[in-house]
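Below, chain A partners chain B and then partners chain C, in two separate complexes.
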Partner chain A sequence: MTHYFAGLDIGSTMTKVVIISDKLEASLIGPTGPEHRKLANKVMEEALDLAGLRFIDLTYIVATGYGRINVPFADRQITEITCHARGIHSLLPTVKTIVDIGGQDSKGIKIKDGKVTNFVMNDKCAAGTGRFLEVIADSLGVPLERLGELSLTARKAAEISSTCTVFAEHEVNNQLANGESVANLIAGIHQSVATRVYSLVRKLKIEPDVAITGGGAKNIGLVKALETRFGYPVLVPPEPLITGALGAALIGKEVYEKYTTEGQTPIRCGRGLEEATFFS
Partner chain B sequence: MEPQTNGLATAEKYYNQYGSRAKDLKESGKKVIGYLSALGPVEILTAAGVIPLRLKGNVSEAITKGDAYMETVVCPFVRNVFDAAVKGRYDFLDGMVLPHQCDSIDRTNDVWSDVLKLPYWHFLNVPHVTDDPSIEFMKEILRVFIGTLEKFTGTTITDEAIAQAVKAHNENRRLMRELYALRTANPPLISGTEMMKVLVAAMSLPVQESSALIESVTKEVKERPSSKDMRKRIMIIGDQIDDVAVIEAIEGAGAWLVMDDLSIGSKMYWQDVDATQDPVQGIAERYLRKLKIPTTYVADGNNYEENLEARFGHMKKYIDEFKVDGVILFIYKYCDPYGFEVPAVKSFIESTGASVLYLEDEYSTSALPRAKTRIEAFLEMIA
Partner chain C sequence: MAEDKKPRALATQAAGKIPKFVRGSLSATLKAKEEGKKVAYAYIADGQDEIMRAMDIVPAWGESFAGVCAAKRDAEKFLQKAEADNFSRSLCTYATCTIGFDMMREELNGEPVPGAPWGGMARPDMILGSGQLLCDPRFKWPQATQHYIPDVPVFVGNMYYPPFDPKLDHKDQEKFYVKYAADELRELVKFCEKVTGKKMDWDRLAALTELSDKTWDLFIDTYELRKAIPTPMDTGDAMNTMVPFTFNLATQEAYDFYKDLYDELQQKIADKKGVVEDEKYRILWGAGLPSWFALGDFQYFNNKGAVFPVEVTYRGGEKIERLDLPKTNDPLEHIAWRWVRYWTHWYDKARKRPGSIPKVERIIEYIEDYKCDGVVFHSAFSCRSWHAGIIHQANTLKKVYGDIPVLIMEGDIVDISSYNEADTHNRIDAFIETLDAAKKRKG
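Let's turn to the complex of A and B:
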């Protein structure tokens, strides 16, 4: 009998589900909203449909991310720090430093032999996070997904000195008024985010290989700006959004295997595919 | 004084109704003087016959009135306590003593004094270096302080009374260390959350009552059935953490808080006052040289390493003695003195092999969910 394991990563902006057996069975990415977080069960159902599985086929479920406590049917909650490390280690075993740029936070994680040895998270504001890019994209009237390619057409990155989201938006608007090109401004914004993230992660001793994960990794302009900061190329996994969910599923599998080798059954939470009720 | 048969319940009561005992004593005719920080010379207040009450804020309460007088650049702890005072929480006090610990206290002293208008007010000008002239200066300012208290209470504070108070407070410290020792067991006989309530209750009581409470807690936790719940052992370092919220975040994530280097915890209780010919000499030495706080600049080693050892060496001993697996450095935002020391403390502790989690946070539960993720990730890391 094949055992299936699910990992759910409920981030501040996106919800990610990964189902694995000995291989990847399905992965799904959808937006997190106040309703979506409440409806983690719906996202799970969709992922199960994709994999052609039923809920009872799942042997163990691990939830991670900002909304991990809002998954009533998860057997275990693990922080996204540990899950990202596990996920990246399985995909890119040479990586020693992970830079995760998420919707509302960014973090640096050091790993050795797949285990977290140190980590750091931004603790002030939206500076250096996906939210910063969202706000600027919005004010420039450019879709978020197009920021990366547009920035590559820049002649010269504009100088953006504010790290505060609100002030930087103001600065961008002023420079637009002064005739600066949108592409140059976007390139400048990427440099600003890269600088902010770099100064955060530098508190850990950055060692190559470096992997970039999270929504920020999908922005080629930001990745290039980070490479310039680090001084060497970085690795980006094929789907940088799902490494946390993948790590969660892998940890679930390890927990199950550890128990079975000891002749025990892991304790399940015993809840069905239901929605969190404490919101109502 | 009520008989104490159940120390933990009594501690819980005084923790929940902070200052209620001092308020009762005030109603029965005693004078109560509030003080800020570990630098408050409680021996002298006790010798003066007044009840010392360590001031605290409320992490669950938003600052709503204090901001009219203090900008957000001031330490969040100081602003929160001040806000509580402006809202009338400390109206029953006869006065306050604010020792010169940091700029946030020193530069707001006149605001406190002017806004609160309590009958007695004193700013204790504690020096920040530990050389011999500073000890002389410290003795002088303690004598000035004694003089103001004599004037306020209308009674003479004799050296004999000070010596007696020193004895009583040393005994109080000894009893607290005895209780701390029960945390070296694995698992500890008293949880960090329970301990926080005891520490907070203890700093709100007259010294004899505080000692009786500690004794009663020690007896109770020794006698109750021991737990088999083995967890990772954490030490917390910081200034005035005086609420269980942070401790519950740590223990709720599956660890035990077994030791602290907090200004209401071990910093208060580890160092006795020596009984000296002039009792004020011993007090000056204890608060200036023995008390380890980041505002006191210690540089009597021959090199940087020796200075670090003099400032943080005790933390190494705690890690060893209390079998600490991980250390949480919990620093309030805008706290310059602690902030300056972060890189040095961090690397000093890491050199012992213990992992360090550095959290910079508010004196408020509002930002605690973010801290919780870091605490959980830290525990997963050292698991």
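Let's turn to the complex of A and C:
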């Protein structure tokens, strides 16, 4: 009988689901709504459809991310720090430092054999996070997903001295009015984010290989700016948004296997997927 | 989760007596006038306790008052008042909270400020500051306060100790520092005599110094009981039980408090009663003052099977015999020796370990003595004296000792706007998982 394991990562802006058996069965990314619980239910349903599975086919479910405690049907909650480490280790085993740039926060994680040895988080300030890029993209009228490629066309990155999101937005508008090109400004903004992220992660002893995850890793301009800061190339997993959910699914599988090797059954939360509507 | 929302439960009965101590200290300042006593604005850990007590000067502790305001989540009005006079939020919030309170009280011509937590502090008759290597507000806070109470005389003594240099034996210089500190204390006595119009009773000072020494010893003996597994007392309680040692030193009540705590901890050890039922992780509180408005976070750790059997913060003493103090009949010289030897206590150890520093040696000593699995630092942004060195300490610890899990929490002592409960708990969760992984790795 095949066992299926699900990892559900509810971040501040995106919800990610990964279903695995001995291989990847399905992965799905959707936006996080104000009511994580309801959405978790929906995204999970879609992921199950994709994999051609029913909820009762899942052997164990692990939730991670900021919204993890709001998932009623998860058997276990584990922080995104541990899950990212596990997920990245399975994809890129040589990685020793992970830089995760999310929508509302960024983190640095040191790992050894797939286990976390140290971490730092920036969760108090939008600078150095995806939110910073979002605000600036909005102000420049450029779609967020185009920021990266546009920055690569810059002749010279503009200097953005403010690290505060609000002041930086003001500074960008001023420079724009003074004739600075959009591409140069975007490159400057990427450098600013990279500097913030670098100064955060530097609190850990950064050791290569370094992997970038989270939404920030999908922005080629930011990845290049970070490589310049680090002084060497960084690795980006094929789908950098799902490493946390993947790690969660893998940990679920390990928990299950550990229990069964010891002749025990892991305790499940006992909630059906349909019960999520109970919370609406 | 529901279990995480419980209010902070104290592990010891002794900690339950602390509000009476704190309230008592505040109300003593309000009653002082009727009793014909003088009130002094005082600052902790500065070697002045015995002198004040021997001269019947009632200390008004700004740090304690600001801590109460923070714990009651009622500091904002004082912080805003100080801010309105251009005191930045990044300055020590013990100082700015108290200065804001002073401003309000002065606007009421020195009368009590309505709604001030536990009645607030009385207008002082003097300010006894103590500049020392600990922090810069120790100089600037009294000076800034004087802007609002310009008629109140200020004395700022300098209590120094030899700085650490791995290539130098500080003992070659300590006599100079002891003489300097004793001279400063002598000047303080003269100042207090002038303000109170009373002469120092030197026999009483000697007796109180002896009482303090006994309290130092008992305090350490009591805290060392926490080495037991499971530990009978947590840092969450120690942030309360530090009060008599920190604010009531040289009083019989302080000594008696630790006697009771000692007995209680012994009983708990005999009954094998720990802070938590299933003690899984032992953590050292490595540095930093806590967020007084978020002491419930200790409970959050406890709910996950994590306990703090030891902390560096507010453990401002050592067993007197370990300090090996030279004999002297002069109580001021004795206090000066105790001061210098305490602050340099980990210097010799640090010199022996290349790359180490005294603060890290102290951490290593506690990790080993109390069998700790990890270290938590709290970086309270407005307390620069702690905040500035925390990352350096954490990095040095990892370099000279090994890769022990470390969590650096961020917040402030008083300013609640620095705090986000969900993020703090998320960090704690991740740290617990890191501790767990490290323990499994070790086997």
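One rule holds in what follows: the second predicted complex is superposed on the first by the 269 of 280 C-alpha atoms of A that agree within 3 Å, B and C clash if a C-alpha of one lies under 4 Å from a C-alpha of the other, contacts with A are read in each partner's own complex, and residues count from 1 in each chain.
Note that a residue touches a chain if its C-beta (ideal position, glycine included) is under 8 Å from a C-beta of that chain, and two chains touch if they have at least 3 such contacts.
In this text the structure is predicted, and so the values were computed from the model without any measurement.
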item: Fit or clash - chain C, chain B, common chain A; value: clash
item: Touched partner set for A:S162, first chain B, second chain C, both or neither; value: neither
item: Contact breadth on chain A, by residue count: chain C or chain B; value: C
item: Which of chain B and chain C A:V116 touches, first, second, both or neither; value: both
item: Partner chain(s) touched by A:N173 [first = chain B, second = chain C, both, neither]; value: neither
item: Contacts of A:T79 with chain B and chain C, given as first, second, both or neither; value: both
item: Doubly contacted chain A residues - partners chain C and chain B; value: 66, 78-82, 115-119, 121, 123
item: Chain A residues touching chain B - in the complex, by the definition given at the top; value: 66, 78-82, 115-119, 121, 123
item: Partner chain A, residues of chain C touching it in the complex; value: 1, 391, 395, 398, 403, 405-406, 408, 410, 418, 420, 422-423, 426-427, 429-430, 433-434, 437-438, 440-441
item: Residue numbers on chain A that touch chain C, as the complex places them; value: 66, 69, 78-82, 105, 112-113, 115-121, 123-124, 203, 205
item: Sites on chain B touched by chain A in the complex; value: 355, 359-361, 370, 373-374, 376-377, 380-381
